[in-house]
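Structure, as structure tokens:
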Amino acid sequence: MGVHQYFKSLSDLEQIIRCPGKFKYQEHSVASHSFKVTKIAQFLGTVEEKSGQKVDWRILYEKALNHDYAELFTGDIKTPVKYASKELKQLFNEVEEEMTRKFVEKEIPSEFQAIYLERFKEGKDETLEGRILSVADKIDLLYEAFGEIQKGNPEPLFIEIYEEALRTILLFQDMNCVKYFLEHILTDMLNERFTEHDELTGIAMRIIEEHNG
Amino acid sequence: MGVHQYFKSLSDLEQIIRCPGKFKYQEHSVASHSFKVTKIAQFLGTVEEKSGQKVDWRILYEKALNHDYAELFTGDIKTPVKYASKELKQLFNEVEEEMTRKFVEKEIPSEFQAIYLERFKEGKDETLEGRILSVADKIDLLYEAFGEIQKGNPEPLFIEIYEEALRTILLFQDMNCVKYFLEHILTDMLNERFTEHDELTGIAMRIIEEHNG
Amino acid sequence: MGVHQYFKSLSDLEQIIRCPGKFKYQEHSVASHSFKVTKIAQFLGTVEEKSGQKVDWRILYEKALNHDYAELFTGDIKTPVKYASKELKQLFNEVEEEMTRKFVEKEIPSEFQAIYLERFKEGKDETLEGRILSVADKIDLLYEAFGEIQKGNPEPLFIEIYEEALRTILLFQDMNCVKYFLEHILTDMLNERFTEHDELTGIAMRIIEEHNG
Amino acid sequence: MGVHQYFKSLSDLEQIIRCPGKFKYQEHSVASHSFKVTKIAQFLGTVEEKSGQKVDWRILYEKALNHDYAELFTGDIKTPVKYASKELKQLFNEVEEEMTRKFVEKEIPSEFQAIYLERFKEGKDETLEGRILSVADKIDLLYEAFGEIQKGNPEPLFIEIYEEALRTILLFQDMNCVKYFLEHILTDMLNERFTEHDELTGIAMRIIEEHNG
Amino acid sequence: MGVHQYFKSLSDLEQIIRCPGKFKYQEHSVASHSFKVTKIAQFLGTVEEKSGQKVDWRILYEKALNHDYAELFTGDIKTPVKYASKELKQLFNEVEEEMTRKFVEKEIPSEFQAIYLERFKEGKDETLEGRILSVADKIDLLYEAFGEIQKGNPEPLFIEIYEEALRTILLFQDMNCVKYFLEHILTDMLNERFTEHDELTGIAMRIIEEHNG
Amino acid sequence: MGVHQYFKSLSDLEQIIRCPGKFKYQEHSVASHSFKVTKIAQFLGTVEEKSGQKVDWRILYEKALNHDYAELFTGDIKTPVKYASKELKQLFNEVEEEMTRKFVEKEIPSEFQAIYLERFKEGKDETLEGRILSVADKIDLLYEAFGEIQKGNPEPLFIEIYEEALRTILLFQDMNCVKYFLEHILTDMLNERFTEHDELTGIAMRIIEEHNG
């Protein structure tokens, strides 16, 4: 029934929780993830531009904003399923494209259909913008896994996700933004202080002494 | 790493929420759903037995308890995706079986592997027990949709699920338990009183009058 | 401590719930809201472009993505407070700008500070992009209020928010995208079917009859 | 281990949800309930004082604040269980008192034990303050049930609770504060507007007309 | 009003949270617990059967599925209350039985009442199936406590529950399934790696080195 | 619309979550906080009384119960904003008072307005009761921060809050109740055992040995 349905569907993305089937201290929706990936891509694009690359910002923002929209139609399929066989992955991609196409034809008014079909295409191509999206998507995933590990999640899956995300980022280490990330951001992440109980006694003692000294 | 991993995985089923991507007043996990389906199957089996059918209870309980265990490996794939093409459905089934087989080989000690491979097989076959499972699964789905509609969920999807569940149940209406369901249970569901605000004034007035009369 | 802190702060925006202090069936975070506003702005910009306007997409996306980032520093202050007096509003704005400036100076590396100070400026100016943002922000608010009303929220505040959001949108009705919204989108929203309990009996009866007919 | 344990136990009262085992749109903890009952008792006491009664405020506040503290030891036992037989109720009361006594002896320093034993005694006695507590407790329960009914909860239990709470309040209608409640507060509760979808179209049309007129 | 009420009551078991009144990272409902206990009992029964014992599977599944159904009527009463005195425990059991009997007489059609009265009886008797249930119930409790301890819950109660559950399991160590549990499952549980922050730096360094090596 | 609105507003305080915008393992509402502060103030007042001070209990309870009621009108403004400048703080206080005054004039019947204006005034004055409130408010904040630190929250903000709360308490260390707190309560808090994974193996081994010994 048109754009009203499309606008309403944005709120459904707030209801899809990433990484289902595992205990998490903090849950993240596809809507929040898309927001964060777009903001991260904005920073990475800024680094590339500073380094002399030409960034097509309109394209970059479109890719980042829309990169997970198709999960609305397919739900959250676990990665090992998708990649279980080349044949399955191929078929799955065809189904995803078909469903997206049908949604666009049903809900988007005809004068905008071409634009939206373009917007909902797989964004992770070999262009600079496609590569920035690939990196930004994995950086947010790395932060999600880091958040769980830092909060004490004993589930080994988050260590595996952390490793896999970092490995993928390294595939793009010829990019200026990835070099920047490894040098200036990852370092700070690894240096994060872990709040320790033992500190508390020290802090309390110090405050009391200072005050009375 | 053995049965410990298998026991831990039961708790992961509490983390998979059914019907993701849509606002729901009340969420249901795969673990809760499996419990309710088993209890419903117990009742349906009791009706069949009373009607003179021979029920293999061990088989019925095993089918009901385990019928959604494979969602642990695949996540929650939306039905339209699974059924998008015959080819895709076939491939998905193969992947699902493969993953289940690998899990059993990795976690279940060898002396129990044959038993668990049997337990994790698709349960909805043409036996009496398989047919009871098919009905019980849809009755719980019908109750889930009914719960949302009754609570005021404006999402049309729940009306669609309600219709689809009822249609599937009717495919089994030669069964005694389905006849019983349609005659004695569905009727009560449809007669449910909807709490109305207008009642409140009436109730309050009546109580006050009674008390003072 | 640099960009790492900035990336982490994005996740804090998932923890700020809009419209605190009132019962809501469905909660929305500032992160989700920012995502939806950017997607709505994308559509409105597309309408403007189709109508012959020149849209600066980079600017539009930047404005939409960042428009509520300052809530990270100030928390969620109720609108009536902010607008209680001209003097207070002026002072609040100064404090907000000051805090944003300090954050940029502390966390953003010096070579990017000018860019981020620009990005975090108030985006709702008199440019086409600023006006699109004003409209997109209120459309998402309208949808939030509509969602609560449709789900049965008895709190009159949501009617008030609905009214206020619509009034503000109408202030921009000289814009092509607002005309489009009023004609094609708002109409569909108001025609939404409300799921009724009474329908259920009808549907169940029809399905049973069809099946047996 | 002393007052530290007592202070920590206050937070456990935030973890006991009232009326467990039934779907609720909005949950209430024993901590929140105790806060609201104390505030309601404050208002009722004010009405009594205005009417010329002598209120012992210290006693009233102590009774209201502590009236559900024993749930910490017993958990949330459903009312029908407690009242299933006179004998059982008597035994339960003895157990409750015994557990409270043991807690006080273990955690409260000896110089304060007498005071806390007094504070944790059953507060609903025949004094003015005990009767105000009885009424305040039921008014908050009435509001909890009203909140669910108004939000559309189809569970008949909330109508039953509403009725039972109102009946109990009426047992105290010789009190000035109950007369005030029935005349000025209950009336407003029953006149509450229920937000209707149909209104929305009217409101939207009116706003658009006003704006364009 | 019949089986419809019985089916609806299954969903109420999703609303009863185990171990109320204490902060928990992960909550478990009575419905989920019943599912997990039944699955654990299935495994334990399989071990017994392999060891040459004769398992009555129908009885075992019925006992496990229904073992906590009476909490629907009584709510969640804390264990120390129940066991405060022999007299109280006796009376409490009588009340529980009485309430279950009334429910069966009211909701279950007369032709099935005898069956359901049997199903809702206390299942932990001296039969092999009753003993398997006792063990399975405590194993799930052990996993619940372990889950909290592993996630970092500082509440000493979970250590106490862990101890109490293990002690009870040991009372049944003449059983083959308990021997299996102690030898093969508990060992793995105690060997679980706790995710450590320090690992992260190591992992990141190793990945980067490997990649660049 | 009178006292009905006032009673309903109490429930809105259950919807305002303290310390928004940061991940927390356990959330606390303004309603719960008010309850706990009042209970803590009760204990502190008892200590003062034992030490020979004259406590005006009515005043103390009123101050504690109402001390955060104004957050209903202003929402949760982050402390650094409030204190950003003397001028802003002054203006902000005026707005808060104005809003409270308007609420009282609109909702509280005229015969009770003077009483409620008095009750909603800033309670932290230089009287004994005002000083007890200041301490009680910070003790509850200290417990909130301690709870997060003890559960493993890596956010440095909670260490900062812990420090700030303790520093403020020390400003009142001439008071008997603060001396008592530092000597008997803080000590126990700092001695709290942190549940350690390593303990588990030890405990399990000890139990098994004891049992078999």
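Chains: A, B, C, D, E and F, in written order; residue numbering restarts at 1 for each.
Operating definition for what follows: contacts are C-beta pairs under 8 Å (C-beta built on N, C-alpha and C of every residue); 3 or more make two chains touch, one makes a residue touch a chain.
Which chain is which protein? Per UniProt: A, B, C, D, E, F = 5'-nucleotidase yfbR.
Worth saying up front: this structure is predicted, and the values here are computed from it rather than measured.
With steps allowed only between chains in touch, the distance from subunit B over to subunit E comes to 1. Common neighbours of subunit A and subunit B, listed by label, are C, E.
Among the remaining chains, those touching subunit E as well as subunit F are A, D.
When every chain is reduced to the mean of its CA atoms, the largest separation from subunit E belongs to C. Over half of the residue numbers at the subunit C-subunit F interface are used by both copies of the sequence. Centroid distances from subunit D, each centroid being the mean of CA atoms, peak for A. If each chain is reduced to the centroid of its CA atoms, subunit C and subunit D end up 38 Å from each other. Look at where the CA atoms of subunit C average out and do the same for subunit E: the two points lie 45 Å apart. For subunit C, residues touching at least two other chains, in rising order: 11, 13, 23, 25-26, 147, 150, 152, 194.
Of all possible chain pairs, those that touch are A-B, A-C, A-E, A-F, B-C, B-D, B-E, C-D, C-F, D-E, D-F, E-F. For subunit C in complex with subunit B, the residues that touch the partner chain are 25-26, 147, 150-152, 192-195, 197, 199-201, 203-204, 207-208, 211.
Residues 11-13, 15-17, 20-23, 71-78, 80-81, 84-85, 87-88, 91-92, 95, 98-99 of subunit E are the ones that touch subunit D when the two sit in their complex.
Across the complex, subunit F meets subunit D through its residues 1-8, 10-11, 13-14, 26, 28-29, 31-32, 34-36, 38-40, 42-43, 46, 50, 57-58, 61-62, 65, 109, 111-112, 115, 139, 143, 147, 184-185, 188-189. Residues of subunit F that touch subunit A in their complex: 23, 25, 146, 149-150, 152-156, 158-159, 162-163, 166-167, 170, 173, 182, 186, 190, 194.
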